[in-house]
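Here the structure comes first, spelled out in structure tokens, and everything after it is commentary.
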């Protein structure tokens, strides 16, 4: 009985997530005529017209490349910055640790949009406006607060013993970190980095303020979409969702395997 | 938090925090200070409260404040409940956990803008929701869900869309927390006569408290920024602080006004975070 | 980009309104990169939706002998910032700018555009309409070359036609007939089926500024709160009662027309064309209605300009020649449904059905007796957003919130005067042109 | 109070894996202190958890008294359990922890309070009722866990290695306390341990498990003195039973002899096994001496004044009735 209830509940929740996505699929593979005809058909009529437009669109390869590069820079940079901070939070008890956790999170309370404007000016000044670097720097700032907390969780899960053992057997403190802690934390760190990558891939607003000729894929597709005809909107949405969903499929276990960000 | 290995120099943790702090100072704090400067200057560049008072005297300001708060107050418990249910499924005993996990995390791959477009096509008059409802015979003609004259209905649609889009992040956080609860505690509850609900209420939730606190703070902090779904579903008739900030830039091209809204958003979210912290104080009886 | 720190800061404060973003205004469909490729960069605030930009790249630009990078971003502020920044830095990444008349006028006023007189003169074989040439000329010099034009019209589903008031001529309706018609449709269907683009990216403000006000009052600013404005707002309030409330979410009216959520709508021709093209048999276009003071309408002109900082303008001029060439003009009409700034007669026959219908409607509207062309607001500079806000705020108060018309107009008139004062803007058509700051009436 | 009847219980954790518990049938008498003893991985904890209802058996049934509880969730089985890691709730005070089960059963507040005071008194925690577990030592948390189990007056009390996380001294004192407590409660207790000393000292009966099966079940003295096979003999006792080739003692098979049953002499005796002392380990009250006899090492226990040091020649003799004979091939004990 409880099992039935459990599966029923899970199926209900899953349906709630999946059904809207199914609507996108239907819309993306339907002719313009069907998406404008009410009531809407629950099955696609497998028209490839709208999808073909995006797959063959001239700007897509370049925008995809930009997205990938931005996401990779973001992932790596975020980890490099978050690892020491997360390690400090996980291993030391020191005054200000909780304040740091909170403050870092609170930075996200300031609207990205309002923030991007002065930032665009800085970037112009530094010559990284409209480049993958500018966008990646902004995305790193957006991802950092979460990733620091996630990484702290990862390091907290690595026993202190192994680090101490490494130090006893001749490693320096950093050597112990590198040889004993990092290998054990690697899957968790990878997950945290992946989280940053995902966040970067999905971020449109800052990316669109900071780019002109070098848009990321979602900026390229989504921003043009809000004013595009309905069939294009479905197709564009699916076109963007597909890589993200594939990515999540590959990393789903890692994402929840990290103990999650915690505040104490 | 484990206490550390051989006596570190007291400065070491601070040195380790330094890179991230420096980065956030450059990419968050300094543009933020700039934005504050804009908020306290007028369009003609004089210092003062002109922009702030223009914001407050705008007809849309107070409705925007209220809608923002209502959205938060309605969304937060719903999302927590959903995220908890999803997390319990993922960490529970059902088969196919990998599948459930995947499905519940899917919305992570959907941007705010995309979610707005998607849910608009569902709630619009000749959209999916009405198709389905009419198909099963619950309504006999399309209902206009996005009718600004029914503010609660519109808020309801925004809540649904936001809950759909942004619960995954909470799931990640809560699953992490649930996995840290030793199985022994759950079994002890089982043995000592606790039913599923009692176990949830007396054991799981109290033990999950620090995690729930984190999840709430994360959600509160991000909630004030949401505008794409609000604009998609509420159009020009439903205002939140974030849509107003955004509109100030895009439509009115007034950076000062937008920054003033940014300032208000920051203050309101910090107050809300403070309330969460006060409502769920961290207790430290959990040393093992 | 070697902008000095002080300059950049000034830029930051002055233009921090680097617009764009927003769920809807955010239609930055930029172009693929490759800045270092030496390609000629053609930046446009128009033709920015994914499909339009694709058409430009694949069809309109083909046959030009240089590589062109088409960058489309509807954000005006981004354009202004970019051109200003390049002028200050002395760089010239942008070779050609395509934008609306008002946007280019702002750049021209700052001295950021090359004098295009020689180019326009060399293009006299193109047969630009005198009216558009006038709009392109500032202080006796040409700021840009006319490129694309459009206006706002109405469209309806055929199933609405039987409910037209007796004796009404679809091609020559009055505002009262439109109201009566919309009411009849609502009575018959039980649903409000009129539609206005009152959403975030909708152009309702242009309806108020270029259609309703001139048609009812014969002016805009000078008659803003005058006695003729009251019946106009009463009309709006009444039509709003028969309007689909989802209108507050509509950006482009073509979609609700196609789905049938809306049966009668007003919008920019380009934002209706998809409906006419997809279902040419089900949807008809017709001119905007006539009011007590005539048929107010707002022509839209897009132009091509070259930033003053471009050292060798020849490739840009070649591109302008390419874009205004009759073959390209024809392609433009066909693929993106913007009309040329030439007489509509010059469009070769055999237009796609929807575009052809719009062409006829536009022509009919312009030729209607009592047609009253407004010009886009000029001289507002950075205040154009604030100017539009007065109109949308007034609409919102009166139509959505049911506020008292006279009180609202009195309040908003103060705000409007404030905007005009800040900008120091003189009156523009259809208000009587004059010296000094325009006075709100 | 009730007895526990387990019949034909099998539990596999993964399809195709060796069963953790294999077709076990055993009856625990009402009021009995029953110990499940075995090395780690032998299935004893799984069996205990199946009794608790924390594991669902693949086949077989569990009866508590007259009730078939096989399909019931733990909370409906009227039992209590002490967990190896204590599982004392960190967010509840000592009193709240002890009263947890009663509150979950929604018993009247006064009854809960009374039961908490009684149970806390039994384990000397009366002064700590308002503390949180983080303020307690490991031994005190252990007492909380026991008190929590006692407080619900279970008909069956299960204990999963409750002493294994305590240090040696505490373990010893707590062991005696547990025994006294069990006497006072008269509850049926099933106690899992891998420590044979605990098993022998606490149990009314001991069941020795290996590879998912109960190898031998009997009173402590039975299993100690008459192990049914080499495994049991080798597992119980410190040191384990010596296993010597039977020929040495004029028999066939394997001769199992407890160290304390071997008499050692420094002078040659007829019929005694000659050997040489390899190692002497003083245990305080006795010496544990390892003697190399031919190919074999033999462990013997001697009084502390045993005169032989390393390398000395010794002669070992055993009373024949003290020898437990095992079949060399099947390793089962031979009749006798």
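The letters A, B, C and D name the chains in turn, as written, and every chain counts its residues from 1.
Keep this in mind: a contact is a pair of C-beta atoms (placed from the backbone, for glycine too) under 8 Å apart; a residue touches a chain by one contact, two chains touch by 3 or more.
Values in this document were obtained by computation on a predicted structure and should not be read as measured data.
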By mean C-alpha coordinates, which chain is most distant from chain B?
-> D
Between chain A and chain B, centroid-to-centroid distance (C-alpha), Å | 16
Taking each chain's centre as its mean C-alpha position, how far apart are chain C and chain D in Å?
-> 88
Centre to centre, by mean C-alpha position, how many angstrom separate chain A and chain C?
-> 37
Residues of chain B engaged with two or more neighbouring chains | 34, 38, 113, 126, 227-228, 246, 249, 255, 258-259
Would you pick out the residues of chain C that each touch at least 2 other chains?
-> 12, 16-18, 20-21, 23-24, 26, 259-260
Multi-partner residues of chain D (each touching 2 or more other chains) = none
Listing every touching pair of chains gives A-B, A-C, B-C, B-D
Residue ranges of chain C touching chain B (in the complex, touch as defined) = 12-13, 15-26, 75-77, 190-191, 198-200, 202, 244-250, 259-261, 382, 384-386, 388-389, 392-393, 396-397, 400, 422
In their shared complex, at which residues does chain B touch chain C?
-> 34, 37-38, 41, 43-45, 59, 113, 116, 120, 124-126, 141, 144, 146-149, 227-237, 246-247, 249-256, 258-259
Chain B-facing residues of chain D, complex | 52-54, 73-75, 79-81, 83-87, 89-92, 100-101, 103-105, 132-135, 148, 152, 158
Under the touch definition given earlier, write down the residues of chain B that touch chain D in their complex.
-> 182, 184-185, 187-195, 198, 202-203, 206-207, 209, 283-288
Note: in the complex, chain A contacts chain C through residues 32-33, 36-38, 53-54, 57-59, 61-63, 66, 113, 116-118, 120-122, 124-125, 127, 129-130, 204-205, 208-209, 211-215, 219-221, 223-230, 232, 236
